[in-house]
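Got some structures for you, see below.
Each of the two complexes below includes chain A, the first together with chain B, the second together with chain C.
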Partner chain A sequence: MMKLWCRQIVSVVRLEMKKTFFCKRGLWVYLLAFAPVVLYMVNSVHITRQRRHLAQIGAEHPVSQAAFNNIKTGLSRENVVAKLGEPYWQRTRYHHGSDGRKRSFVLYKYTDGKNDFMYHFEDDKLTWINRRDPEKLAESQLIFATSFQFYFLRLAVFFGCVGIFVNLFRGEMLDKSLHFYMLTPMRREVLLAGKYFAGLLATVVIFTSSTALQWWAMLWQFERPVIVEFLAGPGPTQFAAYLGVTALACVGYGSIFLAVGLIFRNPVIPAAVVLLWESANPFLPPLLKKTSMIYYLQSLCPVTAAPDKNMPPLINLLISPTEPAATLAAVTCIVLLTLLVLVLASRVARKLEINYGTD
Partner chain B sequence: MRDDLITLDNVSRFYGEVLGVNRVTLSIPPGITSLVGPNGAGKTTLMNLMTGLIRPTRGRIRVLGLSPAQPHRLFGLVGYATQFDAFPRGLSGFQFIYSFLRLFGYSKAECKRLANRVIDQVGLSDAAGRKVAGYSKGMRQRIRLAQALAHDPRVLILDEPLNGLDPLVRAETINLFRRYATEGRHVLVSSHVLHEVDMISDQVVLMSGGYVVAEGQIQSVRSEIQEQPVKILVHCRQPGMLASKAFEQDHVVEAQLLTEGSGVLITTRDADRFYRLLNHLALNGIDIEGVTPADDNVNSVYDYLIGGEERVSP
Partner chain C sequence: MAVYKQTYKGYSGTRTTPWLRFFILSRYSYARLFQSKFLVLFLAACMFYPLGCAIFIYLSHNIPLLTALRLQSGGMPPIDGAFFNVYCVVQGGLAFLLTVLVGPSLVAPDLANGGMSLYLSRPFSRTQYVAGKMTILLLLLSLITWIPGMLLFLIKAGCAGWDWTRVHAWLAGSIVLGLWIWIVVLSLIALALSAWVKWKVAAGALILGVFFAGAGFGAAINNVTGTHYGAFIDLMKVVRTVWSDLFRNSSAADLSLTQAWTVLGVTCGLCLWLLAKRIRAFEVVK
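So, the complex of A and B:
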């Protein structure tokens, strides 16, 4: 019997493949999944070009590090030029003050070949210095963790699962083609499992590919020795963790939206409710936090996301800090929640009727 | 309970407050059974109930002893060609049948063999490689028939299977039904035109408004219908005279004067003869203002089904 069920599940997955992977209606899922890859890539290309540009200028106008260290605020423009030479970039502006006096504002840019130094003069006096270091790997990891947890998991994977899993049943109801499955000697539970695996295959392939490409695009800007060192250290574990979290997000959200597509005629409202619940997670008391998928997914992320510095203090007060769940507990809870939802969905599937007229 | 019957015991199905079928009790033996009724009579609902696509609000259904609530058992024995004219996207005729058979758990080779056989059987071999989306209405009808026949079922349930078929294919399809019936299988066919199926049917189930109004062999259904009295409301200025003239006729069972004196309610066993009488009376000076069938009766359904024999109106 098990062999028959497996055969039937594989047949359902094959039939669903075209719909889940190549459906025109699902193009936006790819856009959602791969938009961050494009952004990371653009950022990496920009930073690499900028680095090359600075190195070239540094080679053409060499300035020693000691000379940069000697520049302090209060120096005159002539003094700075005397110590560092002519800047590689400058801009001058004039403003009339309230007293009618004409004032000059000058910005000079120098480089040591790696870092960018900006000197700001007001009436030829150096008023402030800004040193822009190239992006560090630790910074990039933090940016990746933040965008992964706040954009990728909460929006891209979430809505991607809505788009793919909801359509597995609801889409066929609208196309009036669901009955073909119902005319075969296949248990409804087996049909549900087949459709779930079809959706899972599509979402896991799309979103883990995106995670891997984002990771690659993020690292691309760094020089080879930095990458080699990172990959010899925590890199592979972090990479595997991100892929695992992405796959688990598809497992969990997939089951929820499969059930939503099966139960609700209009899945938009329940999807919005789930989104609201997941978004409200930081403000929920610790016990309720543990009833949302995002809590466990975030617990499994290898780097903690950066806190929002611009958050109003009042909202900051409402955030309830909770210890992340242990890895094993988080995985177990996601799997158990998924199984529970699938069992409930299969009970609904058993009573499913073909009633296209009213759908 | 016999395991070679399709039985429906006091089956009702409501869609909210809308009636699908009501209190249907049937026992269908092997052979060709036609389910006949006008659109909205409940034929498709009844077929969907038999195949478990919908569930009865009340009552019990058994198909060869199996409950439609167990599709994994039922569809080994049952093939159902629905009226839904939609197919999984992007599949050719062959792929459609092949994929459908794969869901039964057959091996690839077996699916290929069965798909080729049934496609040949319905005369679609030349179009098997083309996408179903590009098929004509008749071809889509045939591929649906092929899907129902593909696993060689003991019970064939076909919703309006002759719709859209050209005469040659129609004759071939009817021959196919006959062949299945002579092999002792059930072939349940729905139609809204009795003429279309009465020549091939071993039994007929006549439906109207969600009710089974007559059932049995075609001859007994005809006589059952003809024996049913029918009520006709006639509005006229001389209801008393009309009632007395009508009552002289042997087919008129009852003539009831309306209390407000504006007409008469006639109950007759032969509506056609009564309408001819009305024509005659109108020509002889009785001022008839209107004639309305007073009940949704078997006869009117039958008239509709056999192609709407024209009534003689005054």
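So, the complex of A and C:
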């Protein structure tokens, strides 16, 4: 019997493959998944070009590091130009102050070939200096971790799973084609498992490939020795962890939205509730935190994301710090929750009745 | 009457005034919407915050009670632009959720079931159709946004007296204008997406996605590139910039006021273009 069920599951997966990967209704999932890849690519190309540009300017107009170190606030514009020469970029603006006096604001940019120095003059007096160093790999890793946890996991994978898994049953209702499955000599649980695996395959392929491409695009801006050193150290472990977390997110959210698509005629309301619950996770007390998927997924991430700098201090106070779950515990919890939801969904599927008129 | 005698005859009864015809759609839709207990419950829940604000305003002027509680009226947070700005953020968020609930079912079923030609074969224009559908959302959202906001302003005016009202009259204008901008943007987005995807479930998910994924991806753009360009696709941040200006609430914003107004204008224009493209009496089926 088990053999037959497995064969039936494979058949359902094969039938669903085209619908989950190439369905017109689900093409936006690709946009959601691959938008960060484009973002990292554009950023890497821009940084590489800027680095080359700075190196070229540095070679054409060499300025010593000591000369840059001698520049302090309070110097006049003439003094700065005498020490460093003409800037490679400048901008002047005039504003009328509250006393009606015309004031000048000048911005000068210099480079030593690697770092970018920005000098801001107010009425020809140097008021502040901004030094921008080239991005380091550690900074990029932190940026990746933040985007991964706050955009990719919470929104891209979440909405992607809503789109694909809800569509598995609700979409068939809309297309008035679910009865074809119901007429086949196949257990409802087997149909549900087949559909779940089809959705899981699609989401895992789409989102893990997006994660891999994001990772590649993020590393692209760095020079070869930096990448080789990173890949010889913690790189592969981190990469595997990010892929694993993405796949687990698809496993967990997939099961929830498959059940939602089965139970609710309008899955948007439960999806919104789950979204709000997951978004409120940082503010929940420790015990309640453990009832959301994102807590376990974030615990498995190899780099802790930086807190939001723009968050108002009052709201920042509401965030309750909690110890991340252990790896084994986190994986077990996600798998157990998935199994529980799938068992409940299969019980619902056994009593499923078709009512095409309601959608 | 024999069946063969029931041939076509032009309607000879009284007709609704042309400029009021759009309201027919709203009337029928309200009758259907208010059958939903969940919607009624949600509308009631949306009134909790304004009610709390009203109680707070009343208490902050009740000197005997403040004395009994050993509080000073000067120690209470002031009822000013910042207070109404927070009110807009809270009720604006609830208005968004209400739009997700109601918006998708407005146009999508008409398009999906080929009902558009039935509407437009009557003396009823596309503009009237859109106006009728939009009125449903505008009135519902008004109920939980600027109407309670104005009531709060009036309660405060009643408690604080004429001097306060005269000095703070601009607040009333800011409440009405700020929240009207938001409900118009929400209504247009909901109608456009509902018309575009033709499936109410997908339309609801898309409205959620436009706001949440837009904000998330905007934050990702800011995070990765170290710029503020991501704020352009975060509509909540855009409208908060406008509200901050209207309520004279200085805050470090990622967008300038001109940029915020431009983004809102472009969004509304895009939605109107989508609606003009989809709301048609005919459809080419490939």
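As a working rule, the second predicted complex is superposed on the first by the 345 of 359 C-alpha atoms of A that agree within 3 Å, B and C clash if a C-alpha of one lies under 4 Å from a C-alpha of the other, contacts with A are read in each partner's own complex, and residues count from 1 in each chain.
We take it that contacts are C-beta pairs under 8 Å (C-beta built on N, C-alpha and C of every residue); 3 or more make two chains touch, one makes a residue touch a chain.
As the structure is a computational prediction, the values presented were derived from the model and not from experiment.
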| item | value |
| --- | --- |
| Partners on chain A (chain B, chain C) - clash or fit | fit |
| Touched partner set for A:His179, first chain B, second chain C, both or neither | first |
| Partner chain(s) touched by A:Arg14 [first = chain B, second = chain C, both, neither] | first |
| Winner by number of chain A residues touched, once chain B and chain C are compared | C |
| Touching partner for A:Lys195 - first (chain B), second (chain C), both, neither | neither |
| Partner chain(s) touched by A:Ile269 [first = chain B, second = chain C, both, neither] | second |
| First, second, both or neither for A:Asn355, with chain B first and chain C second | first |
| Minimum distance between Cα atoms of chain B and chain C in the superposition (Å) | 12 |
| Interfacial residue positions of chain C with respect to chain A in the complex | 38, 97, 100-101, 104, 197, 199-202, 204-206, 208-209, 212-213, 216-217, 219-221, 223-225 |
| Of chain A, residues touching chain C in the complex | 25, 28, 32, 35-36, 39-40, 42-43, 46, 143, 146-147, 150-152, 154-156, 159, 162-163, 166, 170, 174, 266-269, 271-272, 275, 279, 308, 359 |
| Complex contact set, residues of chain A against chain B | 4, 7-8, 11-12, 14-15, 18-19, 175-177, 179-188, 351, 353-356, 358 |
| Of chain B, residues touching chain A in the complex | 15, 48, 51-55, 71-76, 79-80, 82, 84-90, 99-100, 102-105, 147-148 |
